[in-house]
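After this come two complexes, each holding chain A, first together with chain B and then together with chain C.
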Partner chain A sequence: MLTQALFRALDKKAIWVIGIFLAVAILVPMANLLIPPGQFGHVPTYLVSLLGKYLSYAILALALDLVWGYCGILSLGHSAFFALGGYAMGMYLMRQIGSRGVYGNPTLPDFMVFLNWKELPWYWLGFDNFWFAMAMVVVVPGLLAFIFGFFAFRSRVTGVYLSIITQAMTFALLLAFFRNDMGFGGNNGLTDFKDILGAPVQAQSTRVILFAATAIALALSVLVCSMIVNSKLGKVMVAVRDAESRTRFIGYRVEYVKLFAFTVSAIMAGIAGALYVPQVGIINPGEFEPGNSIEVVIWTAVGGRGTLIGPIIGAIVVNLGKSWFTSALPEFWLFALGALFIFVTLFLPKGIVGLWKQVFGAGRQTAEPTPPTPARSADIERGEDPSTFDNPQPRPAE
Partner chain B sequence: MLTPLLRLALLTMSLLVPTLAQAQTTDITARIAAMGEANLKELTQIVTDLASTGDPSVVPVLTALGDGNLYLDETSGRVVIQNGSTITDPLTGEAVDLGADTDLSRIRVNNGLRRDISAALGGMTLMSDNPRTRLSAAQGFLANPDPATLPLLDEAIAAETDANVLGVMQTARATTILSSEDASIEEKQAAVPQIVSGAGRSAITVLTSALASAPDEVKPTIQSAIAGLEQSRAVWAALQNVWFGVSLGSVLLLAAIGLAITFGVMGVINMAHGEMVMLGAYTTFLVQLVIRQSFPGLLDYSLLIALPVAFLVTGAIGVGIERGIIRWLYGRPLETLLATWGLSLILQQTVRSIFGPTNQMVIAPTWMSGSTDFFGLAITYNRFWIVIFALIVFFMLLLILNRTPLGLQMRAVTQNRRMASAMGIRTPFVDAMTFGLGSGIAGLAGVALTQIDNISPNLGQNYIIDSFMVVVFGGVGNLWGTFVGALTLGVANKFLEPYAGAVLGKILILVLIILFIQRHPRGLFALKGRAIEQ
Partner chain C sequence: MSKAQDTMLYLDGVSVAFDGFKAINNLSIIVRPTEMLAIIGPNGAGKTTMMDIITGKTRPDAGEVMFDGRTDLTKLDEATIANLGIGRKFQKPTVFESHTIWDNLEMALKKPRGIFNALFYTASDDDIARITDILDTVRLLHRKDEFAANLSHGQKQWLEIGMLLAQDPKLLLVDEPVAGMTDSETEETAKLLREIAKTRSVVVVEHDMSFVRELGSRVVCLAEGAVLAEGTLDQVSANPVVIERYLGR
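Let's turn to the complex of A and B:
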């Protein structure tokens, strides 16, 4: 059955996306390691890390797309899952510093020595083991999402309300991680990493391997998402997105469908965070900022939600823009980002992918397996009752 | 007719008065000079003499003598006050330069003399003509009770006319009696209630220190008095917390109420709401700038002038946003969230580009600065006015919603947009007006916030999440929900703070709201309807 699902997933265009990122995972490292610096085609190491950062963002955007684009849950708390995964990785990296810290304490990270702590708090135990830390990267965000989602979906918190309480969740975590006595480094977060699996984090070869790992993780994420959205469950997810009540009345347990999507998505976000941290070299509570979550939403929206390639394109394009703007015209970046938010919501509700289809692929529209966006558009008559806005009555088939 | 005579009399007096004063001054100067070589007995005499002159200028000398700051310069024979490295004349208080070869020796006093000095000083100040001096003298006695001063206090109490000072004196007397060994048990028993009613916040400390030395018969009285005081102190602390909570709640109410309207009527999540607050604050800043430069006389009223200006400015911007962006997004509430978030980034950056990232100042008008003591509750005027202002805004809004045609239309649209439209209500117009009204109220909140917060481009961001919590907690479509929500969150926050700390308290509130939403997915006062989603 799994092979069947795999086959069905790979049957689609997803195979192209997966293929591209697997190729990237091989070609970029080769361009960095084999082509000597200065020659055409050489990719400098800093660029490898930068691209790796973008790819981890792409995984995060894909994770959000799974819940928002396919299941209609606008989570404004995905940066929390991302940051939790990142902290789990950061804790492993902190433990690897060992006695090379400023204070030279073999077990305690520097900030704990600084705060005059005597022993490692219990929740830091085990993080010196890579595989335990990797398990936590998956378990912590997944468990949080499961518990949070279980209660939220069971009590039918939907739409804007859900968005706001996810935002409250990440805000609460932001405040919590800022506290020094939480034991996660407070304001400064975790940084100054030395080794990952015995290899120095700063080394060229490590960076290249981390990049390749990120690209492969992205390819796997696309594969998993493709398997999910092409399965029967995926169809139900889309049904929940487009007409939640109707799906419920037909007899599906809507809350379990949502819970599944939410948890899987949180796990993917956690993995993205874990890949992000060693490449940028720091994790601090700023990653929990509610604003970050909203930015992820805009990556997804720019690329085109409800598609697998859209959020990846969106994350990379927007972040390329951000890198360019913040170095060339720093004071204009927020103008550009704000304008992007407005422009995309007003004129590009289906994102870049939607635009592409409109321009080039009008004839192939029928071949599309899933309608890329919910059947809501500006021409829907001006609303129902406000509370039914998020679940408008499905329009009669066109 | 009587002018020559009067003139003569005046002339004589004007000549005479300085001479008299002069005579006394020389007398005092002589006595002070004599202090240098006097022995203890003579010193006591001099102190009594100086005190009997009743001249306030001797107070520094006596104080210095008591504190051991009075010195004799052996070379010149002068008596001076040395305080740290500065040497001053004991009578005039002017700095004295004694040259290089000074040889200062301290004029010694013993405990008996010190007591005499303090009694003399206390007597002089207790009998002073100035009620303020008497009050501070009585407070000094209250702080350092000494049984030897009892006759003095009794005398002062008999002569006292000012009720306020009299109360402090009686409390000082009661405190002294309680610490004295000679006083009878009945006197001590009677003193306890006087301390309880008069000593205010320090009563507990006074009574606790008296408890140890008190005779066994008095102890139960003191203990029950302490218990009573502690209980009432706890009540007052709780009331103070309630006040802080109400104050925070009114700020939340101001910030959230506009959001509640737009969300309730239009189902629009306006992420730029905080920026409307921020723009209101900057409008206030500009209004004050203009007033300070052009009409300085109106400076005290600049906040009042800023209110309508801020309302109109932010209201107009709100209508502009609705017409320009939001009306294209009806039926897609989650996307209005994104668009307005983008807008908020643009507004923030615009303000940052124009005014710079630093904080701006708005001067508080005189009638808003300072604080008052309301039965032991410290109430600052700015917080007080903000609470009043929030209430006024809230009830005005209630009036608009319930008593005006626009309000009627808004309620109709909230309850059933299609039906309202079918009845001939121009829903687009209502939407624009609602958004303008909500934004205008945000602007009013901004005016109020200038008094308690920094005016910076990030001002709105600090309030937006809290405002959302209030709206979500209170429920949509009912202003009372917002009212109750804001006050509940404000008070709960302030009650958690002492136990959990500010940050942890806030986290707890957020978690509690998340849990609350599980029980009541549509808030405290949900609009009831028969549609499936309600």
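Let's turn to the complex of A and C:
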């Protein structure tokens, strides 16, 4: 059963993508460790961490694509799941500091000592254990998405309304995590990390391993997504995206399909956040910023939604652009990003991957039909079959 | 309750209003097992709303809707009703355009609809034979690997009928199946529906009178959300009220 699903997942495209990132997981560390600095081909350690950051963004973009590109759920709150995964990792890293903090308290992180707290809050218990923390990286975002999605999809909240409440969710978390008495370090967040699994976070070898772990996680994410989208469930997801009510009338529980996609996607986003935090060295409430979620949407749109490689390309390309822009012309970055989004929406509705197919795939019979959901206004009104009587009130779920 | 016995579909005194407008007004209709029923009537007569009520999209304000003599449909949602064995073809053909014709049928094929059933589904030889069979029936076998978006209007209608068959329902609700079809296609569709009605109940909504004649079934004429006349096509079309309100206009 599982082997068949795995076999289906490994189509030609997926093998390529997975192979590329497994190769990257080996080659980049080798270029860093084996080629001496100054010589051609050497990848400096700061660049390894920067690339690792991009790859964790790529996992996040892939996660969003699974719900948006394949299932038609435009989530504007994915940075919340990313940040929660990041906080779970950050809490583990804080507990590893031990008595090396400024105040030298063996159990309490510095900010708690500063706030005059006497003991660790209950929700910090267990985070000194790496595997418990890793479980929380998966459980916390997954559970939030499951509960949130359960109520939202059951009540048939779709289109912009869903986008708005996901945005509200991440904003609410932003405000909550800013508060000092939440116990997550307030607006400073969690930082000043020392060790991960006993190895110093700043060390070259640790950074290289973190990079390799991120590249492997990305390859595994592609495998999981490929398994889902190539299964019958994946086809049903696309059916939900294109004709939601029709899918209901052939007997699928659309709310469960969406809930599955949303929860899996949130878990992937959480893992991406957990890999991001040790590589950048800080997690603070700014990661919940609604604008961050919108940036993820832009990466996905630029790369090409509804494909597995598109969001990865989009995340890397846009962030390379961002790195260049924010050092060369910092004040123009947001304008450039906005212009990019408008350009892609108007002229490249299928993103870079769509352009590639147009240019290079014309000879072969790859002409896919334009799905009835262009990147534009289709997300506003979807799901209702135009041929049936437009029921003025949304039907209660029960 | 006992009146619903031995019926496939039993509507009694059903009413629904949208913002005060009575789309369905005290409607009562019975469909027996393996019976075909044609429903005709002017636009706005409530034909589509009636289908919405049966399939769980709209809740009636009053009245009884029973399926197979025992299941109260007014309490259930669309997916549950579909899985009970009621298939619906929409007025505007709605197929999954970015999927191939084969995949459209594979999704519709009667199978457990759970998330993990779908995730780990692999078509068995039986499933493949069944889909091939249906494709043959609806004459799309030679195009099975094409995207549904590339089909003509009439072919989409046929694909949708094929999807209905794949669901293996006890009751088929078919809304304007021959819109956009050529005369010969219309004839074929009538033949196909008659064939289907040998083993299942079929409710057809249609404006095309020659098509309804070919179906040769009992006819109900709806107007303003209620039954205007009932009987054979000849009886109904000879009814002076029907002529005045529908045919004669």
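To be clear about the criterion, the second predicted complex is superposed on the first by the 362 of 398 C-alpha atoms of A that agree within 3 Å, B and C clash if a C-alpha of one lies under 4 Å from a C-alpha of the other, contacts with A are read in each partner's own complex, and residues count from 1 in each chain.
The rule we apply is simple: contacts are C-beta pairs under 8 Å (C-beta built on N, C-alpha and C of every residue); 3 or more make two chains touch, one makes a residue touch a chain.
For clarity, every value in this text was computed on a predicted model and none was experimentally measured.
Once the two complexes are laid over each other on the shared chain, residue contacts for A:G159 go to chain B alone; chain C is not touched. Set against each other, chain B and chain C touch different numbers of residues in chain A, with B touching more. In the superposition on chain A, A:A172 makes contact with chain B only, while chain C stays out of contact range. Of the two partner chains placed around the shared chain by superposition, neither chain B nor chain C is touched by A:S99.
Look at A:S245: by the touch rule set out above, it reaches both chain B and chain C. In the superposition on chain A, no contact is made by A:S205 with either chain B or chain C. In the superposition on chain A, A:T326 contacts neither chain B nor chain C.
Of the two partner chains, chain B is the only one that A:F151 touches; chain C does not reach it. Chain A uses residues 245, 385-389, 391-392 to touch chain B in one structure and chain C in the other.
Chain C meets chain A in the complex at residues 18-19, 23, 48-49, 51-52, 55, 57-59, 77-79, 82-83, 87-88, 90-92, 94, 96-99, 103, 106-108, 113-115, 118-122, 147, 149-150, 163, 167, 175. Taken in their complex, chain B has these residues touching chain A: 263-267, 269, 271, 325, 328-339, 341-346, 348-350, 352-353, 414-418, 421, 427-428, 465, 468-469, 472, 476, 503-504, 506-507, 510-511, 513-515, 517-519, 521-522, 527, 529, 531-534.
Across the complex, chain B is touched by residues 74, 148, 151-152, 154-161, 163-165, 167-169, 171-172, 175-176, 178-179, 245, 290, 294, 297-298, 301, 331, 334-335, 337-342, 344-346, 349, 376, 378, 380-392 of chain A. By the touch criterion given at the top, residues 1-2, 4-5, 8, 227-228, 231-233, 235-236, 238-239, 242-243, 245-246, 248-254, 256-257, 260, 368-372, 385-389, 391-392, 395 of chain A touch chain C in their complex.
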